[in-house]
């Protein structure tokens, strides 16, 4: 729901489990805790020893899976997926996990990410006789594995992964093993946990907490994890490159109770807010954060600045899919939808409004107006990340510069559009400093491409939407 | 949903509008903003000039009302209601508003509250030939109005209200007017707003903000507000007694963006938290609040104490009605439902956990365990209200002392049950001081009956569940 | 569904049971077998010894009642109701049974029929202080019972029934007894059965067959049946008048497997068809009936005439509530909805099309066209009842002469409108002769008011829709 | 629904249209008329010129497709499919049509039938690198087309079809054409129609009647029909073998208003009934048919024998998917489900009960008991087809001899099991005679394999379930 406010959508969440009596139930709770990573489709595939049982559908995990459905999915092994639809692609076929049947066994695949050289690889495979039943990048991997001349399955998978360029976290389930693979830059998060005797894999560690599992470690860039009835082992399918974990995971996508590369997301956000208070000290009466993702940064700013943190903005908790959108006329008369400003807190005050990022700017403009409408004397917008000026090709739906208000505009121009008294973005240096600040962090490098335009992989291979050649570089710190 | 965590349920929310082109739409948004006051049933009655159009159902406002339904409710006047089911009463008949048809016109009624002398009055009316089609207290008023010998409708209504003892906020809609009435102690909130040329009535002021209406004033205890095509006027149906607004509205029930008697709820909660920090200074590393209702108090405690406020507890946003409850076995294995503790924030720390109240204690116990399970070194529970030792007879579902952990137990005994390192409740004096603290407040007196056992009305009239005679007194401050 | 084809709607079906372990389940199956009598709403009330459990809703029995709902209705006594909405009255309040609560016990009421003096009685009761919560005639009886000065409940009920004029079959359930009452003319059917040790009441005997119960006898006109834990007994609340069972029950409304006054409906229809063949011998190649209600008459016509009966018209079995109606444009292009003609049977043939009645004529016209479109050389329409020229005031929704094609038109004029090669109606005498023909029949008299305009009760009392004074007479045979 | 009574399921229905403004709507109505051929899943694929729009789901056509869904499927070309699930295969992936994407265009496929050499072909294709995403035979054709070395698409399709052995009616839609192919024996029906300027293809001609289309001709065995914007043309992909249209299509599967090979199904059934009356003259009072599929045969028997046809068995029209099944206990107490016997018609009579076939015998046994329970003096069961002794491998779900009561039992043994006074099956000769009887028929040969064990194709190729070698022969007449 928050994502509807923002217009910035992470595309997927992954969960897998091997060797648990209630594989379907655990996968359900795991996916449920990853719901923020994808709210438009969900799927679970369970292997019951003899066959795959699959259930997929549009909507939230709780909408797709009833108790009856989950109860009818016995089996000890499973993978699940939540997703956004990308580029208006709403065909049911593309809801993951995808299944592939063969007389030698079944294959189930789920992907978080985006393959840069997908178009070229599809053409190549089609020329060799492959038929594609979906338009999903995920299907590529299946054909590449099938086509591989390597002698055993693991070698085939490693070869197939090596053909792909982009950001990808894959779950691969066969009758005999559950595999997890992460691209050589480690652009998306993927972690390993243990629940009793069972191994679990999830996009975020919050899934481990919700099911009572213990965090073991993150999957490394270029690593292929193989879990089977003998246990767990690891192979590198590619030399690890410089880690480039998406910085927006910390800023916005991930749940505050997750740890990414051992750095807690809430703590990271709070540090971003503190750094912002250092970079942009503002005289004001109250601080408020845009719920929910900016609360931590706002608290950090408040702690650093000494200005009191208040609930100046309230999100309506019961606005769901079936909520009736107000007509244009009613909106103009003042009917609010998802967010309202708290007059009792804001009236007559100079307000610092902390947000995590600005994408199109329309939401920021609306919130500034909400605050002024209930009497805010001044509204100072502070953003706990740098301006997003460049599209993402790794699985976030900002694929065009046209949608990005910061692309080609000065901060002052943006300020004027959103109607704030002042506008401050966190600096790139400040962002990196804040993310490095915490002792527990094992973050080695981050993808700042949407801020800097420096992409960690090639991106101009075959996507016609990528017009300009962009060097394969990324910021090192 | 939070209420499910707490086990403390306010029973109703009211909304009414007179003279607006989109009465049904506005009532929908108004009710939606009051959803926290009742999530098990909703109803809207619209008067289209010729007839009443009614739609009621079980569930959330967004579940009962589709766009099509609202669009098919033209008319300029309407009232709506959200409710909890009380005492296992789930019969559809009791979903409000209730309708009464007569050749002289139609009557629609909605009630927030509870009538203490309902049993006696029903028996009296039945003896005179009245038939009851519901078991709701609301129906009483209709029969009393019908039976009244007074010459005009307003006199009838005033006489009928005078026969009732208890806590009640009524909305009354006829073909010619919309009325709002509040019991002489003003136990529940009820406010008047203006939206363009239309008058609106709502249980909380947050409804005005969401529809873009202006707050005019609160309905006074003992007052009957009459809105018709000529405008608005007021009559007293009973002498105003000492105001006794339910203190738990500030502590827990109301939305933080509402103002009750001109005191902002978030601000009130923050002041309760500050007062708690003064009364109970504790040495600790982090402060966390139980979401959502205790966040403000936790921030207040943090501001006063200087100990950092952190997101140590996270509520799962997507857990709704259709969520599959984990089995006992899975729960024992550690599967969480609605709340999870954030290891990255809590591990190794001394934690102050702020909650607004303790009812049965089971939730507190569970949360303390959640925090300890993720590594909290110490958990100090501080409660921003006094112990709830007495049942409520005014519309909150704590009708038996047996359900109240604080009834007949010392604080030390409760602490041991919930497993905290320490437990502190706010004092009654501290609570009153905190609620008086804000300049804007027009609160003249509060009902503290659940803490003190001193009830603002007679309560032992005819309810067999009330065993002991309790004097009609209430705390004055 | 068929009724949608016809535009002639019976309004209700009743079922009651006393003293059965599975009262709710049995009532469900009973109502289900009466579904043809009302498809727009259904309700069941079960008395579990301590309280009433009620479930009502819009739609079919299978839509309103899930297994879970029925399983949650324990109790040994119950009544149920299926209904059509009359006069656009779709308010949920009017779905029956209606419930009335009192400290002396609960009352549940269900009605099949229509009260002629409802308006006058409501005004009278309102003047005495009664409040009506529905616009249903059923509620009248509750107030009349409550107001009655008679000393005991049975006397009150008898007095109340005596105040009512019209056609009514009532089920009345209290904590202590189940009652069934039939108006003095016995206009609607109502029968008594026995299922093991339990007594059951139903609108049609097909309900007994479906639950495995034994038919005992029909309720007599003017009779009040009282079933309680002691057994069953009968009292007359009014002198029985000349029986006037609705003739259209035989012709169209009832299920062919029901017996009305011991006359099987299929047999009656077949006899109507035979009589029609005697009155209207036509030279033709094939006979076809309009499914489903005219099949029996068509078979009778075929048997009598020697012309082969064929399936010339097929009803689409899967067309339900959610069927997408073809647009006007598609209909004009030939898209059919519920009925299609069978070219392989009809092409090049002279066809006798048997239908049971003509109301508006639009359906007949459409079916004639269907048959001609697939090659019928001639279409001879024969109707197994006389022309419907007069409105019904007893619970069938033909309340205005304007809707009746036969009102004010000659048979030749109607023939021209519907485009048939010939059109024949059964004579009134032929109809009565056919209904008397079977030895088993205990039918003493029938209401032919819609054919003759002679109504068995007063009808011009207070209904403004009844413009002309019509003598209280009815046809005797 | 009837199929639930019988336990004999045809697996699929096909519909396709090229060049119509409302392709989705027309396909909806077409599929709807074919609903009897498959009630567990439905799908429509529309080509809007640029892309494929697909919607598939479990359940009836009216359950899968809402008005909104159909309205959101613009485009001029489309194919649709209704299906049964076979062998417990309920995976969503297998709901047809199946889609295949390629940079050279899209392919949509739908199949009615079963491929005998599917296992062998899959293994072969997998060895060449193909990956299967479904377990449906339909997917085979896509891979075979893709793998074909032939120079153009039509040649590829013809070569691919030639690799398949079995019973198949395929619809194939690309961006440029709609194709229809029928196996060389023409085991399943497939017909061509014209609707204005549009060509349509359907499994049965009833679909043409429902949409107002004109029947052109049937697809010939071994024929490939190609429809594109230039018009329609035909090629043979295989030499036509002896036609072997499934005889059970006439007996049971098809709708009575369809013509198969120009022979009307109702007429065919009536002739089967007449032939049965000739072969098995029985002294009795009434004849009744098991609804719905045996009505025509019963009428034929009655016409031939002079014994009156009556509605002795009534099907409950409102029993759908959500109907609550009676518990075993209630069933034993006499609660009926889908069928009830009419006491008023049957009591004291000698009854001839006409049914079209006996599969397991459990239903026949139940119906005989129903009739005897309401007083039938004698029940003579006559079956309008020979005993089903052999499994079907062509798409009907009688895959094991164990399920067939007639397999290995004498007629007298079956009679004893079902409890009838006598039991007669139609002879094979009589069946063929009856099917040849009508002048309009163009039926050249029928598959009687389930009666005779003589299969028109090889069947022992690679299906492990087929234990014995069965010669490739079929009965000639």
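Order of writing sets the chain letters: A, B, C and D. Residues in each chain are counted from 1.
The rule is short, and it goes like this: contacts are C-beta pairs under 8 Å (C-beta built on N, C-alpha and C of every residue); 3 or more make two chains touch, one makes a residue touch a chain.
Because the structure is predicted, anything quoted here is derived from the model rather than measured.
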Checklist outcome for this item: chain C and chain D have mean C-alpha positions lying a whole-number Å distance apart equal to 37
Checklist entry - In whole angstrom, how far does the Cα centroid of chain B sit from the Cα centroid of chain C? => result 48
Item to check | Distance from chain C to chain A - Cα centre to Cα centre, in angstrom | outcome: 61
Item to check | Residues within chain C bordering two or more other chains | outcome: none
Checklist entry - Is the way these chains touch best called a line, a ring, a star, complete, or other? => result ring
Checklist entry - Could you list each pair of chains that touch, in label order? => result A-B, A-D, B-C, C-D
Checklist entry - In the complex of these two chains, what residues of chain C are touching chain B? => result 54-56, 91-93, 98-104, 107, 122-123, 126, 128-135, 142-143, 146-147
Checklist entry - So in the complex, which bits of chain D are touching chain C? => result 1, 22, 25-26, 28-29, 32-33, 35-36, 39, 60-63, 65-67, 70, 195-196, 206, 209-213, 255-259, 263-267, 270, 292, 295-296, 299, 303, 308-311, 314, 316-320, 322-324, 326-327, 330, 333-336, 340-345, 374, 440
